[in-house]
Amino acid sequence: MSLNYTADEMMSVAASRALRAGSSCFVGIGLPSTAANLARRTHAPDLVLVYESGTLGAKPDRLPLSIGDGVLAETADAVIGVPEVFNYWLQPGRIDVGFLGAAQLDRFGNINTTVIGGDYADPKVRLPGAGGAPEIATSCREVFVVVRQSRRTFVEKVDFITSVGHGRGKGDRERLGLPGAGPVLVITDLGVLRPDPETSELTLTELHPGVELEQVREATGWELKVSPELSRSPEPTEHELTVLRALKEAR
Amino acid sequence: MATITTLADAVAELVHDGDTVALEGFTHLIPVAAGQEIIRQRRRDLTLVRMTPDIVYDQMIGAGCARKLIFSWGGNPGVGSLHRFREAVQQGWPVPLEIEEHSHAGMANRYVAGASGLPFAVLRGYTGTDLASVTSTIKPITCPFTGEQLTAVPALNPDVTIIHAQRADRAGNVQMWGITGVQKEAVLAAKRSLVTVEEVVDTLEPRPGAVVLPGWVVTAVAEVPRGAHPSYAHGYYERDNAYYQAWDAISRDRQAFEAWLKGSVFE
Amino acid sequence: MATITTLADAVAELVHDGDTVALEGFTHLIPVAAGQEIIRQRRRDLTLVRMTPDIVYDQMIGAGCARKLIFSWGGNPGVGSLHRFREAVQQGWPVPLEIEEHSHAGMANRYVAGASGLPFAVLRGYTGTDLASVTSTIKPITCPFTGEQLTAVPALNPDVTIIHAQRADRAGNVQMWGITGVQKEAVLAAKRSLVTVEEVVDTLEPRPGAVVLPGWVVTAVAEVPRGAHPSYAHGYYERDNAYYQAWDAISRDRQAFEAWLKGSVFE
Amino acid sequence: MSLNYTADEMMSVAASRALRAGSSCFVGIGLPSTAANLARRTHAPDLVLVYESGTLGAKPDRLPLSIGDGVLAETADAVIGVPEVFNYWLQPGRIDVGFLGAAQLDRFGNINTTVIGGDYADPKVRLPGAGGAPEIATSCREVFVVVRQSRRTFVEKVDFITSVGHGRGKGDRERLGLPGAGPVLVITDLGVLRPDPETSELTLTELHPGVELEQVREATGWELKVSPELSRSPEPTEHELTVLRALKEAR
């Protein structure tokens, strides 16, 4: 029998499943935080959550409302200053997974959270900006992007590279001397994309249950490549949904 | 030793038109009351510095206090955009706002350099991004030992840094705990500093995770209960999430904002 | 997560001949027992790193474990010289000792760079001294913004760093308090790390001034009560000043030292 | 009537008197620590003691036996890491007075604590080395040197410059771009020397009670200049001696 769940719930579940037990995760607020906390309550109880506010190993009993929520400090193994987070913990590549969102994402996984339209000095839309993302994108061993898929968001080329993904393609990260592997996984409300091993172009590798390939093509601003081994994400389990909903209600 | 004074007197004495002013506090302990006092005293042409400009900077920018903003993330956390900030950048209202944009790692290191008496800091940052092309305070630097190329950012040394803390004693020693962000560096990097506190006490009981700023590196301390509202003060009060939500509507509309200014700040 | 093991097993596994090894602890929490275990296991050709080499390094150098010392102050605090160290430098006994000499500020910043994943650190240091002329790891660097000339030192990244702390829990999370020196940086800068602790406990009670190293950045933890003796462990035991006094006579004389080695380390 | 006291006691008292109330002092162990703690108990109760072990505003109730004595952490306003002491507190010039000792001191106040005789690679005597001194000597607003005076210590030219004083004379510090004023006071068991305003050469400005000028000349390895306003240090007061001796006994 099939459960009722929303596309956002499927996205959170898929993102949480991608987090390996025993790993460390640099968590942004919103979808990443939901997924990371779901993982800690399901298959990865020892997942180490690092928030840029300076909490190492936070174990919140509810979803934090901000990256600086008091519950993070109360439950952390250690609380440190913000410069230390970036210099001693993120920069040396100690964190396994960096979890990012995006206002625009392009076919090579480059991320824009700065400006849309016009030019930088006179943009059509001024976005919040970089925050910790540029260094999360370069220093974490791997980057997961969690973002709802649409033509507005999934663009051929981002208007501004706030955080570099695979640049203009295979080999660019190495040329730039970036230590981490970059975006290895893009989890959306429709499916999962991974960089093609040959070209580093984001390629659809998983469709969420009930999603048609055509929907994903329509929600992508470039001619979407599809993996020959395209698979279906397993549905959320009842347990995953129960935990996820409890987390959200605990807000 | 820091002077114990009032918020109004401290702002009048320490914050001047044209100053570079940093209000720091990373989600927690944001010195909102001090920001609103700066609006009340009608300061102008400020260069505002803050890693995460949020509601208080939206208010100061909307009130026309700022000519420039140095920052790394500007938004209403968990809600959306800062509409006063966006209007200043996009329409130059009420006054044009110049921006100098960095990443968190860059901003944090700029404060560290400032606190350390160094002209610059070195980090692995900005590589491959467009930030370096739009921000002139990002430059390459080469390691004299390995030849590796890294990134340099200049020190931040505000004319005045303002923070909010839980407590100070009568000698002006300041104690804060919970998430302490970049406040220590921001104060040590500044020429002058003002700390608003929930309460002035006789003695500061040592506590786990507390950061203490000795009174001899703080210029002034003012007792301002709930001075961080709508952000929170660990051990004193919770974050007022409804205020952040409600701010969106006020911020979206010039008239609503000006009514808010008149009603909530000037009266 | 750190492995909880014994001192002997940890040293056997983590410390190899020819390694660069840092034992840190600034007067307080000096990992003396671990140093003596390294002597007992007859490690050779080590490059020893320590800001303040004192008795434990005098013992390791006298026992012939080291081929090189990277340091900033070598003495028996409050007593005088380290005679084993002096004899190694002046007479090359038991083996010649190469030295790489810095200031405290330089050493501290070398650890900071190591902990930060940077190849070098920048400081205002060494200017006008003869140190820069005898130490090749001190170089000038120019600020790309102001043109000012400062000093660069390369990162320290020991193969293994060893420290002593008051407590660890069973997951290997480490807690130390009191004077915590440069230990956090030394551990984070190292490829591997060993922490000896006074006791392994079920839970680490938060305490004022405590520094916590999460178990996932520590390689091994070994319970070694009084592992810092003759230095002290805040909250556990006092500094054994008589030992420091008595060491002078032992250290002055090869025979006395070798008798001490035989009697106190190898038996 | 005159009290009985040793030359070392006179030296400690003279050094403590030089510390102004309300100032901050970077304290090394030994004579500097004795003088600083005496000052805190006499004319400068609000003197801020900074020890390189990371204790800011320590208020020890006895003389610490080392710069990392536990009593310093227990009584400090704040305890910080060693990198922070040097980077956030010493380097920016926040500390008024740096208190140093010396194995060798030359006529321009340059200090050697590294090697004596032979050359660096093969010295006659290997000394402990630099410690915090080089940066204390450059970054503190002023430097006081406390050292027993003898020909062995007071040499024409130091064998090794561990910590720079006035270099080769007037203007050298400015040429080197050193922020602090350097050694403005050298307090010995015989008297007090100050740099000549014209030449920066250390010049005898005070004789301790009962000390003859000839003794100081004999204890100086260069042709000692004497200030035309040569004065006598006031004797230790009974109070100063009582406090000093109590401090020492409390060890």
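Quick notes on this structure:
The letters A, B, C and D name the chains in turn, as written, and every chain counts its residues from 1.
Please note the rule applied: a residue touches a chain if its C-beta (ideal position, glycine included) is under 8 Å from a C-beta of that chain, and two chains touch if they have at least 3 such contacts.
Quick caveat: nothing in here was measured; it's all calculated off a predicted structure.
Within the contact network of the assembly, the step distance from subunit B to subunit C comes to 1.
Looking at the partners of subunit A and subunit C together, the chains they share are B. Between the CA-based centres of subunit A and subunit B the separation comes to 28 Å, rounded to the whole angstrom. If each chain is reduced to the centroid of its CA atoms, subunit A and subunit D end up 57 Å from each other. Separating the CA-averaged centres of subunit B and subunit D is a span of 40 Å.
Residues of subunit D in contact with two or more other chains: 87, 91, 139.
Chain contacts: subunit C has residues 117-118, 123-124, 148, 184-185, 209, 211 touching two or more partner chains. If you draw each protein chain as a dot and join the dots that touch, the picture is not a line, a loop, a star, or fully joined; it has some other shape.
Contact between chains, per the stated criterion, is found for A-B, A-C, B-C, B-D, C-D.
Subunit C meets subunit D in the complex at residues 26-28, 51-52, 71-75, 77-78, 81, 85-86, 89-90, 101-105, 108-109, 111-112, 123-131, 134, 148-149, 178-182, 184-185, 209, 211, 232, 234, 238-239, 241. Those residues of subunit C whose C-beta lies close enough to touch subunit B in the complex are 117-124, 137, 139-141, 143-146, 148, 150, 152, 154, 206-210.
On the subunit C side of its complex with subunit A, the touching residues are 1, 115-118, 173, 184-185, 188, 211-214, 216-217. By the touch criterion given at the top, residues 29-30, 52-55, 65-70, 72-73, 79, 81-83, 85-87, 90-91, 114, 120, 122-123, 125-135, 138-139, 160-164, 167, 172-173, 176-179 of subunit A touch subunit B in their complex. Residue ranges on subunit A touching subunit C, taken from their complex, read 22, 24, 46, 48, 56-57, 77-78, 87-88, 91-94, 139.
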